[in-house]
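Please find the structures below.
In what follows, chain A forms one complex with chain B and a second complex with chain C.
Our next item is the complex of A and B:
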């Protein structure tokens, strides 16, 4: 074992150690809540620092695999770590109200978030299908618990159960996909797969293609791509608002990182077979997500359907294979920031532990809380893809990639859907700024954690929307090798 | 490098908007004066540019070109030529005026003033951008402040109007974005690297089919903005529901972004498609001229009447553009400016009477001429300019357009000429009902005439209406080289030939006698 071995798993060790320490301290001493904050904060900061170290040392070099081909350290994995742990820090800061309201179980909550983060990063860093499955489950099981953490709301329990049953089913499909791929190629290592398929002509690839399809289905469920999206609205709505943003963003980051690496590394040789399927999924997601979002009266359900549409936009870029990964990363990273910010506002407006968040609660928010309304408005414009926000650059990126790959029809469909999507994003702005609030609607205070999250996310959304090239240049090193 | 005057023109209003937002909320009375004062800065910069502009040169001037993101081929490329020059100056002029006309707005004045200034930055950016992505950014981003201006500070059905305005425009621009991206990839196949740079894209040789598709993608977006019949349905709602300043800006400069886009991009990038589609666009333009005028006649609301008159007048502009003659194009460009001045003034006048009476029903007025003589005089003067009375600016534009289009599209020009007659019908009939005769409604008896502030608002517009009507040469000679360049390019790339002026009317004497 060398030092690089430890670096490859360093971020996971840091957050997992923080989670374990947190639980032990909690059992031992009943410390005040700020102790949780410090432990979690230090753990996430260490993980972020190690991810940056991975980035500095690992990007650009040949992909090195560690622990018997289980983990890989390259620019892709390192960038995934930077995104995941930034997201974790923002998500925890925004959900601190929820943590406080959970009493002693708050420690469990924080530990689960840290473990989920470890799983998310592993999904970007796995070099082996079995490792990938373990990572997927680490993330998913933490998520199932987090959705139902409030325990006293029936809709939260329903959401957790629904997520768990459907998620378990998707995991089973994914596992079956792994088995079929193994049957088709005799390999489980992603790089072994690549070498084998690059050097071998399979005369009857039916079993392999069925395996690839099942892998796409399993991960498509995690990123809520249509038609595997039906869980999303109920889960988003039932989950406590304080953590919904982290769940939504994290599942997207982990899912797309895994999907991008598996498809562009292992099955690059079969891209002519899977790219059209991905394009169809993309268009289905964009159209279904947009159309169903229009009719929603609850902002969390609306954001759930809009996340289906966004999954479609990101899938569009994947049709270009390697060339699209840059666009995938830009879109995923910036969209994750937008989602976390949007749900931070939701948590502040209708309660961090609450489920439902009807649009009516946002009437006149522009007067009741200019900061919350301004941030949510900005995020709506960014998700709608209005220029000078990251949403626009992200959309340009994915459309470029898809047109280059020959999917102009898909891009035009997606563009028309974008316009339809404007309707529901603008509707939120109408509620906040153009409808008068009811008499004596109270002003809404902004918790410190939410305030910080909103300030950072808004600044990033605008700054990277005007000057995206630092991130874009960085992403050229974040392509899986 | 020279002083970046064009960036200054975009940054000044943007910075002013941010400054207004940072003013203390406790002092709402400060916001509007600060906004008005700071909007004079871009006006000064625009006038400086107008003076420094070199007449008689067809190309772009004050060019700024910085790479924005090299691998995607996007560059921050700005420039101004004879076509955009006057539109930028018009924009910079109309904003201080419309801000000065916004004193009736009390609610959330900081946001209002900042929205107006951001809107100004966006519109000026549209006219200056020479990179398609940068153009698209400004084109799309300027929707947001306009959406707020209509939706927050507008009239009764403001939310409906604001969303309709946003969705119509965004639908067009979605297809334009697909066109822009495709164009960049077509360019990559020929130039080796993708580019969105308008000037570099002129070197790309596009196949005929590609030209038609791209023309449609760009053209639909611009046609919605103009608006060309039958895509005009957003316009009456948006104009009527917007606050006065919003209507002035909408009619005065926003609509011109559409006609400007047609000239700048469709005519030059897709010449073959342009020549092929002349009958279609000219027909739509003429339908718009007649339809807009006829609908304007029957309007009961004076603001709606002015709104429909815009449909008619913009039809003239489009007809002039697609006549593809020097006179037609020149007329089209100058008519954009003229329409901005006259319709801007008409909307301001409508806003002033609305502030007094809180109604715009024509039937609620009558005999106003006796209580508000100055107002009535300015109204009649502006109406004459809009109709195209010789000596006022509207005449110059319409004369050039009709002359230019008669050379290539005689039938269309003859039908279009009826639009001038109809304009006289709707405007003069409205004047007659509102201003002449005895006072019919008692509330109108005590109305006060224009205040000094209102006269100050209208004076520059009135002066320019007279100036451009009597002496349009300075404007025309700045437009002409750029128009020539566009037509020259069309002649080079297609077998279309611009007819010599006069060739159609030379009377051959004596030949019959032999």
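Our next item is the complex of A and C:
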């Protein structure tokens, strides 16, 4: 074992240790809630610090695999860690009202969020398909529990059961993909796969191609790409609003990190086979997500369908293979920030433990709470892709990657869908600012955690929308080994 | 005729399809969950057969990981199904239709 071995797994150790410590302290002493906050905060801060250390020490020429090719430390994994643990900090801050409402079970909730974060980062850092499967399940199983953690609403149970059944089904498909790839090539290590496929011509690659297809289906489910998106609206709507943003953003970050690494590293030699399939999934997601979002009357369902459309935009960049990884990261990272902020507003308006959040509850929000309305409005503009927000830069990036890869038809379809998408994003803004609130509607207070989350996410969305170059320069190094 | 690992992989494929059909067609949450377990066992059979065919230990080792993860999934899954059953006294997914739109 060298120091680099410890650094490669450092962030996971930090958050897992914090989760275990939190549970032990909870069993031992019934501490006040601020103790949970400190333990979780220190754990996430340590993980973020270690991810930055990974970025400084492990990217570019220093990238390498560790633990017998199980984990990889490169710019890709380190950037993934920075994104994941930033999201975890924001997500926990935004959900603190929910933690408080859970009473003693709040400790379990915080521990589960930390463990899910470890799984997400492992998805970006896995160099082995079985390792990737374990990471995916660490994230997913934590998510199933988080969705159903409020026991007093029937729709939360329902959402948890739907998420669990479909998620387990998708995991089984993903795993069968791994088994078929193993049967087809004899390799489970992502880099072993790359070397083998780069040097060997497989005369009858049917088993391998079936395996790749099933890997794409399994991960496509996790990132809610159409036609594997049916769970998303129900789960987003039923899950407690306080944590929905973290669930939505985390699944996207982990899923796309895994998808990008598996496709561009291991199966690069077969990109002519998988890229058209990814393009079809991308167009299907963008079109279906946009069309169904238009008809929604509940903002959580609307955001769910919009997340399907965003999954499509990100998949567009993946069609370019290696050349699209930077665009994927920019889009995923900035979209994750937007979605965490949007759900933080939802949690403040209709309750952190609540499920439904009808659009009517947002009527006249501009007068009832200018901070919440302003933040939600900004996030809607960013998701719609208006210039001077990160959403615009992200869309430019994915469109350029897909055009360079020769998928002009897909980009044109996505552009039309972007214009159509303006309707449902702007509708929220019109509701908030043009319509008068009911006479008796009280002003809505902004909890401190939500306030901080909104301040940081809004600042990042505008600053990186006006001057994206620092992040774009950084992303040049955020490529897989 | 000798039974080669290829036959086991064919059997595993059949089992996987039966499991997938079970998830898609049956309406009882417990039966759907059992079908998922059948799919996972089909995967295990594929791993073992492929490992035998290729003379690699990776296949057998992978099965151990899959079994542990499947056990963790059972713990959470059964808890969720029991919670739903307690509230509604039914495990049929057709009666879970509060969330739609």
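Rule of thumb we're sticking to: the second predicted complex is superposed on the first by the 479 of 481 C-alpha atoms of A that agree within 3 Å, B and C clash if a C-alpha of one lies under 4 Å from a C-alpha of the other, contacts with A are read in each partner's own complex, and residues count from 1 in each chain.
Just so it is clear, contacts are C-beta pairs under 8 Å (C-beta built on N, C-alpha and C of every residue); 3 or more make two chains touch, one makes a residue touch a chain.
A quick note: this is a predicted structure, and the numbers were derived from the prediction, not measured.
Student: Touch test for A:351: chain B only (first), chain C only (second), both, or neither?
Tutor: neither
Student: Check the residue A:392 against both partner chains and state whether it touches chain B (first), chain C (second), both, or neither.
Tutor: First partner only.
Student: Quick one: is A:242 in contact with chain B, with chain C, with both, or with neither? Answer first, second, both or neither.
Tutor: neither
Student: In the superposed model, does chain B or chain C contact more residues of chain A?
Tutor: If we count touched residues of chain A for both partners, the winner is C.
Student: Looking at the overlay, what does A:43 touch: chain B (first), chain C (second), both, or neither?
Tutor: After superposition on chain A, A:43 lies in contact with neither partner.
Student: Find the residues of chain A that appear in the contact set with chain B and again in the contact set with chain C.
Tutor: none
Student: Tell me, which parts of chain A touch chain B in their complex?
Tutor: Residue list for chain A touching chain B: 381, 386-388, 392, 396, 399-400, 403-404, 408, 411-412, 415-416, 418-419, 422-423, 426-427, 429-430, 433-435, 468-469, 472, 476.
Student: In the complex formed with chain A, which residues of chain B make contact?
Tutor: Touch residues, chain B against chain A: 68-69, 71-72, 133, 136-138, 140-141, 143-144, 147-148, 151-152, 158-159, 162-163, 166-167, 170-171, 174-175, 177-178, 181-182, 184-185.
Student: Show which residues of chain C lie in contact with chain A when the two form their complex.
Tutor: By the definition above, chain C touches chain A via 9, 12, 16, 19-20, 23, 29, 32-33, 36, 39-40, 42-43, 46-47, 49-51, 53-54, 56, 58-59, 61-62, 65-66, 69, 72-73, 76-77, 80-81, 83-84, 87-88, 93, 96, 98-101.
Student: Across the complex, what residues on chain A touch chain C?
Tutor: So the residues of chain A in touch with chain C come to 130, 133-134, 137, 141, 144-145, 148, 151, 154-155, 157-162, 164-165, 168-169, 171-173, 175-176, 178-180, 182-183, 186, 188, 233-234, 237-238, 295-298, 301.
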